[in-house]
Structures are given as C-alpha cells and as structure tokens.
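There are structures below to look over.
After this come two complexes, each holding chain A, first together with chain B and then together with chain C.
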Partner chain A sequence: MKKQKPRVAFFDFASCEGCQLQIANLEEAVIDVTKLVDIVSFREVMKEHSDDYDIAVVEGSIMRPMDEERLKKIRENAKILVALGACACTGCVQRMVNQWPVEESITTVYNKDEALKDNPYFANFETKALDEVVPVDAYVPGCPIDRDEFCKVLVALLLGKKSPVPDYPVCVECKKKENVCLFELGKVCMGPVARAGCGAICPTHGAECEACRGYVTHPEEDAQTDVLTKYGISAEQIMQRKSMFTYRYIEEKAKQEVEE
Partner chain B sequence: MSEIAIKVDHLTRVEGHGNIILNAKNGAIEKVQWQVTEAPRMFESFVRGRHYHQVSHVMSRICGICSIGHALCSLKATEAAMSVTISEQTELLRKVALHAENMQSHILHVGYLVAPDLFRKGSVFPLIETHPDAVLKIIALHRLANEMSDLLCGRTTHPITLMVGGFTSTPSERELSSLRDRLSNILPVCDEVNQLLLDNVHMLPDFTRETEYIGLTSDTEYALYDGVIGSTDTGTHPVEDYESIANEYVVPYSTAKFASHARESYMVGALARFNLNAEKLTSGARAWAQKFGLSPISYNPFMNNVAQLIEYYHSVEDSIALIDTILNKGLKNETPSYAVKAGRGVGAVEVPRGILFHDYTYNDKGFCTRANCVIPTNQNHKNINLDLEALAPTLLGLAEKEIELNLEMLVRAYDPCISCSTHYLTVEFT
Partner chain C sequence: MNTKSKRDANHENPLRIASKKDFMALVDSLIEDGSLEVHGVKSKGTKFVFGLLESSDELRLDYDVTVIPPKKYFLPQDESMMHFDTSQPFSVQANEDIPKRVIIGVHPYDIVAIKQMDTYYTDSFVDDLYVKRRKNTLLVGAHVARVSEKAFFGDMGTGMVDSGFDLMLTDLKDVIALEVGTTAGADLISSLKTRDATPEEVEKIRKAVEKAAAEARRGLKTPPDQWSHLLQGNYDNPVWKTQSEKCLSCGTCTSVCPTCFCYDVNDKMHLDMKTGSRIRTWDGCMLRSFTRVGSGEIFREKRIDRYRHRFYRKGEYLPARLNFVACVGCGRCSTQCIPDIADPVTLINMVTDSSQTLKPPVPHAASPVTVEGQVPDDTGPGLYIPCPATIKRAVQLSEWEKLFELELDDGSALDHEPGQFVEVSIMGYGEAPISVSSAPGTKSFELAVRKVGDVTSRLHALNPGDKVGIRGPFGTGFGVEELKGKNLLVIAGGIGIIPARSLINYVLDHRKDFGELTILYGCKKPCELLFGDEVQAWDKREDVAHLRSVDSCPEGECWEGEVGLITCLIPLATFDPKNTIAIVVGPPVMYKFVIRDLMGRGMPEENIIVSLERRMKCGVGKCGHCQINGVYVCKEGPVFRYSQIKNSPEAFT
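So, the complex of A and B:
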C-alpha cells in the first residue's frame, strides 16, 4: 500500500500575507512540494478545507482574543506547528503598536464610536507572537521568509532533523560576500545581532540590515554598543532600529528588569 | 421557494479575511452583505515616531502583494513633504519596478485564483494534473514578473533598494538588457495565456451595473506611477484633494473602511484604469482589448479579470520601451542629495488593485508625526456590496452551490486585498 503523505495546512492571522506569497513564488518548485506533502488547507489559494492535518504552517501575529481562540484550535489539531515569518515569530512591525496603551491606539484608529464597543472584530489587545499563546515547534524567520529556507525547514521536519536556520549573525554572511561594511559608509546596521540565513541580502544591496529575522540566541548587544560608540552613533539612532522589527526584545528586556 | 441562507466564512482565494452573507426567503433577498473581518494592524498609528528613511520599509509591510506600490507611494509622499526631486533615471527604474509588481499580482490573481472558477475546480492544484501546459505557462509569466522585482528591488516582496531620492543599488546595463530580452520573449506566452482566457471568457457572468470609476490619469501615458485623479463622473482632480474624493467611513460589520464619491460607491483597479485610460495602452494591449471586445466604459465588474491580463501585456511592452530609454541614455551612478525638513506630503500610485494614497506629516528632524493611507480595496467595498445586491436577485433560481459560486466570483473579480484594507487612522462618523 502507498504510504500516505503528511498533510499540511496553512493559516494566517494579522499579517501582510507576504510570507504565504513566497510559497507561490516557489514557482515550479511548488509542484515538488506537492509531491512531498498533501496541502489540505490554504485559504489564500484553495476552496477546500480540512481540519485533519499533521503540520500547521501559521503566518501572522495574534492581536485579538478571537484570534487567540482560533490559534489554540489549530494547535490542538496539529502534530507540528510552524511559525511562518516575522509576524508569527516575533510580532514584526505591528508589534510597535505595543508602545502605546491599547485604548490609545483604538481611539486613534476608531475614534470613539459606541457602535464598535463590544464588537469582537475590533477587540484588539497587544500584538503577540504565536509562541506567546501556544507552543511552537519550528520557526521560519524573516520579513518576508526566504522561500528556500522554508523548503529546508519543511524537509528537516519531515525527516525529523534539527532546524537548518542558522544561529550566527548576518555579518558572517555579509563578510563572506566581501561587502564594504555599511558602518564604514556612515550607516547603522543591525547585522552584528541579526540572525543570518538571508544571505545578508540587504547590506549586499547597499541597505542597512533591520534585523527582520530577529536576533541570534545570544546577541552580543554590549559588543554592538562598542561598535556604535566607535562610529559615533547615538543611542537614539540605535533605538530607532531596535524598536522597528525587534520590539519584542525590548519588551522582554523591560519585563526581565522588572522581575529582577 | 424555500429559505436560502448562505454564509461564506473567510472567503477563499482572496488575500485576507472576509465573509459573504446572503439570506433569502420566498424568492426575495432579505440581506446580502460583504463583511471584512481581518484583524486591524493599525499602521498609521505605529508609524508615528519613525524616522523618514524607515517609513517606506514599515509601510510596505501593509501588503505583501503590493509591497512595491506601497513603498513607492510612501516614498512619493515623503519626497513631496521634503521637496525632494528625483532624477529621470530613478523615475524610469521605478516605473519598471511598478510594472513588475502589476504583472506579478495580475497573473497570480487571474492564473491561480480566478482560473479554477472557470474550470469549476477548488484550486489551481487539480489544474496541475488536468491542464499542465496552461499551468506551466502561467508560472512562466509569474516567474518573469518576480525575477524583474528581484532585479530592480533586490527581492521579490518588500523592496530593499527603493529609498528616498533614488536607489541604494541599481541593476547593471547587462542585467537590464538581459531582462529586456526575456520580456520580449515572453510576449508569445502572454498571447497564449490571453487566448486561454478568451476561450473561456463566456464562463464569466454577463452582469452590469452602472457606477463611477476612479484612477490616476495622465495626458502623456497610461497612468500608473504618476498622474492626477480621474473620475468617469467628474473629470480630473489634483492628488492633494484625495480626501474629498475618497470619503471614508466605518461600518460595524467590517474592520475595513468604506468609501464614496459622486455616487453611493465607486470602483478602482484595472477595469477603472482601462475605462479611464484605454487609448494610452501599448499597441499589443489595445489589440487584445479589441479581441476581448472590451471598450470603455465597461460596467461589468467581472471584466476586471480581463483588464488585468490586458494590463499585463501593457506592462511587458511598456517595460521594454522604458528599458530601451534607460539604456540609450546610459546608466549613471547617482547619489541623491536633499535636506530633511518639516512638512506634509501626499503621494498617489496605481497599485494592482487600484489607486493608493499615502499622506505623511514630518517634523523638522524627519520624524513622522501623522500618517493616513487610503487603500484600493477599501474604496471598492461599497461597490462590491451594491454589486452583490444587484446580482443576487438574478441568481435565486439557481442551486445554492451555484449562487454561492457566483457571489464568490463577483467578490474575487475585485481581487480584494483585505490585509491592506484594514489600516486607517482617524475615522469620522457621519
């Protein structure tokens, strides 16, 4: 008897859907993926839907109680849950909204409309990554994800191997490409703390790394501060960068400090 | 006739989350409604305090499919606020980048999301088995569009190289001329894909409802990157007047805003652009419009699918012409120079789904203090609702499955990008 292929389902929460788009951007290779797994649910591209799946690939951040409930159901159904992209892994840029009290944002956005009160569609709370709501088994970082890395993560999961996502900084990849360091050009780059795997694609195109892939496990943040002092970069300039894609780490650090 | 209750929760094969509701009793419609349930991400709120060079990177994250258009619109608004002028080369390269996105988005929509309806399939996956040649041709068109974005923007989604005043890096002349060759080689494939749609165009419902069409328009070209606001009802308006064109308001069953102008609703997107600017299309695109029997003003929203393929053709032909101009002038190494200053600026760009506005205010240090975006899909929501109300009564004789399919096809024809449409700032209630 033919062995059944693992069943994969895609889901999305608050996101730009750019990471799911990278699956379509695999072009002909999508056909290879469908040879490895059965895609049983993918709202963006298919009408069929099934709650019977082995792997759930989830894009997006959690911003409302109703979304939290939906994510918990997905977690119950899935053997393996994969966080797809920065929105799911860290909260991405929309995590910046946590800088303001929830009520302030809601008022800014909706004014004070009574009709929207107690309406679950509008009941935002702070932005959360998936693993702040349910356990996550694998991460595909980046905004957007690197589509080849997604395939590698999927294959590693199918073979029961460990994650191929690197845990060294973007600088390593950047230096391999022999790029002129952007600090030398008077720019500010997050490469020293950002997690590699993107091939240092931004510095290679002359643009600062913004750490969209999050930090490595042990970012030498103090070492980075030395670099910044060396190049005469202000604390405010670096804070601007740190609060863009990586506001999660600022929140966590603040929480830690309160606990200590 | 018995009761009909259709609720399509989380409509599939569109970007984002939306529901369609239809209730009918004894042959009469009681309620038909298009609802948007996507979680709001509130970009205009959290972009406050960002430094101007980060703003386009933040705002492109509104939408993965239209990320180049959002970035360009954002840059145009910032440049207007700070009186930054861009070089001719930058403008030409930006136009090619915008074409790349238009092509990518249109072929994704027609080829992957709409085609399954025409063959009564649930997704493109079964078509890989039943129509492999067609699928491979569609993939070829999709691949080229993405390779174009890679070359111009450094990446397919969320452009890296686009910045205030110019580019962080540009492709080489050799890369551009190789792209030019690939573009001209793809035209026969476009012909074949267009022919495929033409052979099946009778599967699109024959439905019309008069409405207003709004989009950028220009005397010199088929307006995508630049122009003034054009309306089929009221003529032209300056971009700065966008707030009086797109009058936005909120309804409780939708996290996206609705909009109206001269009538109760209007439509934006490929069909609106075609209706406003058809005579400015390239010759090959005009020839295809003729074969499809499409001429302005078409009031059939399903023809938006056809207009998208016509625009794909236009984008290929126009990109070839743009690249020729760039190469004839010789590619230069440019560094933008400007001074940061306080001010307010509005930018407008045609993105695949229609006209897009970004409006920013900056302080003298270059930090954003206020932002407002008007997104194409929001401008279409009311028109979708009115179309549903007009279409639904004509369907009641059909089986429930067919009614549902027709309603879904209508919403899908608008190519609604719902993730985009749920970001707004100050909302006025009237």
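So, the complex of A and C:
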C-alpha cells in the first residue's frame, strides 16, 4: 500500500502574507514539494480547505484574543506546527507597537471611534510571536523567508532531523560571499548578531542587515553596542535599529532584568 | 621543438622576461582555450577578490590584498564531499567534479599559507579531497606591488618564497618577469616569447620585493619564532579577557584567514528525499556553535576561551605540531574585524608588553613560518568515504540506549583496539563518532548508542538488515598490550561504561594475562544501568571485584548497590594504588573528582588513564572541532594518560 503523504495546511495571522507568497513562488521546487506532501489548505493558491492536517504552517503574529483562540485550535489539530517568517517567529515590525500602551496605539490609529468598542476585530493586545501562545516545533525565520530554507526545514521535519536553521551570525555567510564589510563602507549592519541562513542576501546587495531573522542564541550585544558607538551611532539610533525587527529581544531583556 | 631542453634551460635560468602585452595575450588564450578555468585577482568595488577571469583586462596584478584568501580553491566555502542515494541499500559516490584551474596573482604570503595547508591536510591522514583540488590547480604567484595598510608580512618573513608556485610574476610596468617554479609552470608559458632577465631587471625585482617587505612591517615586538614561547607563559594574561570582551563572535577573523582550515560537515537531502550530498563548509573556532555536540553541550562556551584558542592555535599548537606559525601577516583579520581585536601584531605586542614571564630566549635558527609542504601522488581510498556495514542485531538497553551488532559488508573484522571509536554514517542524517563497545576478536562489532542527535536518533529507528556507513576505527585505545600483567581499576560513569566495556570484555576474554580487575560503575538512576546481565555476571565471578552506585534511587525502583556519586565507591574498593592502573571513563564533570580521590588514596598520576569526549566530527584531525588546547582528541585521544593531558586547561573544565 502506498504510504500516505503528510497533509499540510497554511494559515495566516497579522502579516503581509508575503512568506506564503514565497512558497507559492517556489517555481519548479513546488512540484517536488507537492510530491512530498498533500497541501490541503492554502488560501493564496487554492479554494479548498480542510481541517484534517498533520503539519500547520503558520504565518503572522498574534495581536488579539480571537487570534489566540484560533491559533490554539490550529495547534490542537496539527501534529507539527511551523512558524513561518519573522511575524510568526518574533513578531516582526508590528512588534514595534509594543513600545507604547495598547490603548494609546489604538486611539492613535483609529481615533476614538465608539463603534470599535466591543468589536473583537479591534480588540488588540500586545503583539506576540506564535511561541508565546502555543508550542512551536520548527521555525522558518526571515522577512520574507528564504525559499530554499523553507524546503530544507520541510525535509528536516520529514526526516525527523533537527532544525537546519543556523545558529551563527550573518557575517559568516557574508564573508563566504566575499563581500566587502558594510562597516568598511561606512554603513551600519546588524550582521554580527543576526542569525544566518539567508546567505547574507542584503549585505550582498549593499543593504544593511536589519536582523529580520532574529538574533543568534547568544548575541554579543554589549560588544555590538560598543562597535555601533565607535561608528558614531547614537544610543537612540541603536535603539531604533534594535526595535525594527528585534523588539522581542528588548522586551525579553527588560523582563529578565525585572526578574533578576 | 624539443620542449624538454627548453624546460631544462628555464630551470637553469628561471627568470624570464616577457612583454606585458604578450603575457596578457597568453592569459586571454588560456581563457579562450577553456581546458583550464582561469582565475585571477579582480576588483570588487574598492577591494579585490579571486575570481574567474573573463578577460585579461580584469586581472589586477597591482592589488594589495583580497577579501578572502585563495584557500577557497582548495577548501571551498561549501564543498560536496560525496553524493548518496538512499533509495539503494547503500550508495555513496565520491565527488569527482574537481575542475582544473590556474590561479593568477597569488601573493607570496598566501603561497606560504597554501604550503602550510598542504602540510596540515596531508599530516598523518591524507585528505584526498584537498589533494585532488590542489593537484588540479596551477599557482601563478605575483610579488606584492602594493602593500595593504594592515599587512605585516615583512614582520613574518613571508614577503617572498622560493617554492610553492608554478610561476612567480613580477610586474615591471611594460614587461613581466616570470620565475619558473615547476615544469608545469614552464609548460604554461612554453608558447610565450621570453628572454633572459638582465642583471638590472634582477636587481629591480630584488629591490621591489625588499621594498614591499619593508613597508609591510608594523613593529611586531616578538618575532614569530618566539610566539610559542611567549604564549606558553601567558595563558592567564589579562589581555585575553579585556580583548575578548569586545569580540562579536562573528567568525570574520577565521573566515578571512588563509591559515584557518577548520570545517563542518552536514548532509543535504534533496527534495526528492532520496538523493543528496554530504557537504563540508567553512567553520571557525570563534563561533559559539563550533564545539557543540549532539547532546547540546558546548565544550568551549566562553568567549575568552574561543578568542584565546585562535591565537594559541596559530602561535603555539600548530608550531608544536607541524613546525610553522599559522599566521602569514596578510592583515585580512586586522582589516576586517569590526571591533578591531583580531590583529595579531596588536595582540602579540600587548602580550609582550604585559608578559607574565621573563623576556623570551634567543630565537631559533630557522624561521618556522615557512614549511616545505609535500603533496603526495597517491591519496589512497577516499578518507571520508564510509564502508557499508549491516546491522545484525539491535537490542534496546534502556530508554535512551540501544545496542547494535554490525558487520562490515566486505567481510573484514573491524580490527579495533578497546577504547577506539568509529564514525557512523547514515546518509541524509550525517555522521557521528561512536565508541566501540565490544572487545576485538570477532567478525562483528558492537556499538551501544545513546539517542541524542540526528544520526543517533535515526540509528535507533533502524533494524537488522539495514545498512549504515562506517569509517575507522579511529583514535587511541586503552593500550591493552601495556596493561597486560597489571592490576586494573575500571571506573565508568553513565555511558562511560560503553567504551569501558570493550576493555572489560577483552580482559575477561584474556583473563590470565591481567592482574586484579576491579570495576566501579555508577549511573544516575537504576533504570539507566546498562548491560544489566553482564553486570550481574561480574558479581558472580571470583576473579572480578565490582561495586556499583546510583546518584539517587527514585521511589518504586529497586537497587542493589550504593547510593551516591560514583566517588563514593572509591573508598570502598580494595586496590593497591601504587600497583594498579585506573581507567576512568565518564561524563566531563566526573573526572576532576574521581582523579582527586584516586590521588588522595595514593595513586600516582601516571597510573591514571582517561577517555575524553569531544566533538570528533572528522575523526582524522582535520576539521578542528575536538581540540583540547592543541590536542586532537580524535587522533591523540580519546584515551589519554592523565599525566599527558593534565596541564591542558581545557581538558577537565
């Protein structure tokens, strides 16, 4: 009897859905992927939907109580839950909103509209990554994700291997590409603390790394702050950089300090 | 035309002069011809890189230094070592896709680094992948025309070389001087119109080389041949701490270094879930993940230890091992380290100024920076290609450990010594070092395996009849010949019993050859005890003394033995400390305490033998992961005399 293929469903929360688009754009690899798994739900490319799935691939961050409920249901249905992209892994740029009280943000964005009161669609709380709500089995970081890495993660999951996402800084991949260091060109880059796996795509094209894939397990943040200061970046600018894609780490650090 | 006589003529007077125009035309004809890939130095923005030349116009002999060194041609950033097909029982093909190349414009300091790499990659085990690439490559050197700001090859004595190249160029504006290094180099220019160099031209080249070397001096206070002496006395110098605190652990210094040759290996399975490749990738000791083993433990976790290791490898460990200082003064790390703590000149000078020891002694006669690398002709069978073996039997030993009996498919015995290990391959999952748990003497061998990483988890899912790959046996054994006639005290903690069992069973198989045998075995909980039947058999034997302990015994489990850490057994055991050899195998934390208590009972340290675990990725002393200071655990270990390793600060941390 032919072995049944694992059933995969895609879901999205607060996000641009660009990471799913990356998968829709896998080109020839899409055929290989569909040979490996049955895609039973994928709003961007198909009408059909099924709640019978083994692997849930979830894009987006969690912003509201209703999101939390829906994510928990997905978790219950899935054997494996994959966080897809920066929104799902860390909270991405929308996490910047956590710098301000929620009420203030709602008022700033929507004004004081009485109609929004008690409307669950606008009942925002602080932005969370998926693993702050439910256990996550695998991560595909990045804004957007790297298509090859998605395939690697999928293969690792199906083989039962540990995550192939590296735990060393972007600098490693940047050097392998023989790039001239952006610091040498007078630019400022988050590469030394950012998690590799993207092939240093931004620095390779001359753009500063913003650590969209999050940090390595032990980012040397003090050394990084020293370096940025040496390159004339003010404390405020450093904070701005760290708030862009990696505000989660600022929150976690603050929480840790309170606990200590 | 008789090419032989021409070659000979070139060797008698190796310095030839060609017009630049003719030389560039030759480069273009090589590109056009296509039988060789023609690589050379090209510009990349304001910097330079080695790359494939599309035309001689791209070639920049006036460069100062490239972003990364030419080591990439011999140890590529990512290199396919072999291809596999898991739809077959066992199918592994060596990667034969190794292009023929010529590389134009390699500076002398980089040639020195390549010679060092030759020595390293052919030392005791010949790395055939490296050698094939090396043999397929012609090196056309170029004297340094422009010195980069941070270069210090003048201080290191690497501004010129008299071998290690096929050709060496000197750009003399309208003409190019060519020094022929090999017959292959002579062949390369056999069609080029050349003439003898005039005495004036010879003098001009000599002056240019000297000028570059003089410019590439940055006031290094301790010459390279004394680095080893300086470092030996300064392991605890405060410089390591203050400098390492600025370190980003980004790996830039090791990536751009021409003498950093460490690599990692990972299996890449294609989306078809059948075929894939085993790939080796640049790795570096400055990265935190470098020493991480399958269980997640990191052996060199502190930044200061990683930072210090890089300099000690260059200045002490490799000089002691292979007689060269693994720094050639290219200045790449000095330029590219963002916090500016990688520069060897600054660091060596800081250590020199604050040296805790007296001033270094008189320098050695020979400069150890240059070596004569030899590239052997015969590389033998692939060093990394595993031999197929079939699982004959698989027995669950405990919740986490399983025993596998294996036979090599070629019918030969493993022929190991107790204490050695093998590299077990499961294609698509990777390779892991596993101690042999059985005594030699049978056709099959046994591996007891704890499920911790990708390979071991997959292995646990395999069944009799399934195939795995085996390389080895590797490393040192317990040295049974030397142990014969001696009283033995085997102390095994946790899964340390697995390698210890190979010795215990050997002694039991040859009981008359040995003196007393005392076995102390401790594990965490009763359910973690391995080889229960054999352990009980030791109890019954009169010629074996055996004591066992558990750290704790949870309620509901029964235990016949002591409760406490394994050290609690040492006072209970009867042995003559002066006339007994102790063999200690266990988790890293165990050694310090067991050794302390053995010595407390009067055992001399030379009577203690230990077996240590590290990340033995390649098994042949190349990948660099298993180093304890300068020692390769996979080669000089895993079994050590305690006296041999006790002064290595990284051994028992």
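The rule is simple: the second predicted complex is superposed on the first by the 257 of 260 C-alpha atoms of A that agree within 3 Å, B and C clash if a C-alpha of one lies under 4 Å from a C-alpha of the other, contacts with A are read in each partner's own complex, and residues count from 1 in each chain.
Basically, a residue touches a chain if its C-beta (ideal position, glycine included) is under 8 Å from a C-beta of that chain, and two chains touch if they have at least 3 such contacts.
Fair warning: this is a prediction, and the values are worked out from it, not measured in the lab.
> Based on the superposed arrangement, let me know which partner A:Gln99 touches: chain B (first), chain C (second), both, or neither?
First partner only.
> So, A:Thr90: does it touch chain B (first), chain C (second), both, or neither?
neither
> May I ask you to decide whether A:Cys181 touches chain B, chain C, both, or neither, giving the answer as first, second, both or neither?
The second partner, chain C, only.
> Between chain C and chain B, which one touches more residues of chain A when both complexes sit on the common chain A?
Between chain B and chain C, the winner on chain A residue contacts is B.
> Thinking of the overlay built on chain A, is A:Thr246 touched by chain B (first), by chain C (second), by both, or by neither?
Touch status of A:Thr246: no partner.
> Report the residues of chain A in contact with chain C in the complex, numbered from low to high.
29, 32-33, 35-36, 151-152, 154-155, 158-162, 164, 166-169, 171-172, 175-176, 178-181, 183-185, 191-193, 216-218, 220, 222-224, 226-227, 230
> Residue numbers of chain A touching chain B in their complex, please.
Of all residues in chain A, those touching chain B are 13-22, 24-25, 27-28, 31, 34, 39, 42-49, 60, 63-64, 67, 92-94, 96-97, 99-100, 105, 108-111, 113, 115-116, 119, 121-122, 124, 143-144, 201-202, 204-207, 210, 240, 244.
> Would you pull the chain B residues touching chain A in the complex into a rising list?
Per the stated touch rule, the residues are 10, 12-16, 37-46, 49-51, 54, 57-58, 61-65, 67, 108, 112-113, 116, 122-125, 128, 136, 139, 142-143, 146, 154-158, 160-161, 163, 168-169, 250, 252-255, 419-420, 424-429.
> Flag every residue of chain C that touches chain A in the complex, lowest number first.
Residues of chain C touching chain A: 44-47, 49, 66-68, 77-78, 245-252, 255-256, 266, 268-273, 282, 284, 287-289, 303, 335-336, 338-339, 428-429, 453-454, 457-458, 461.
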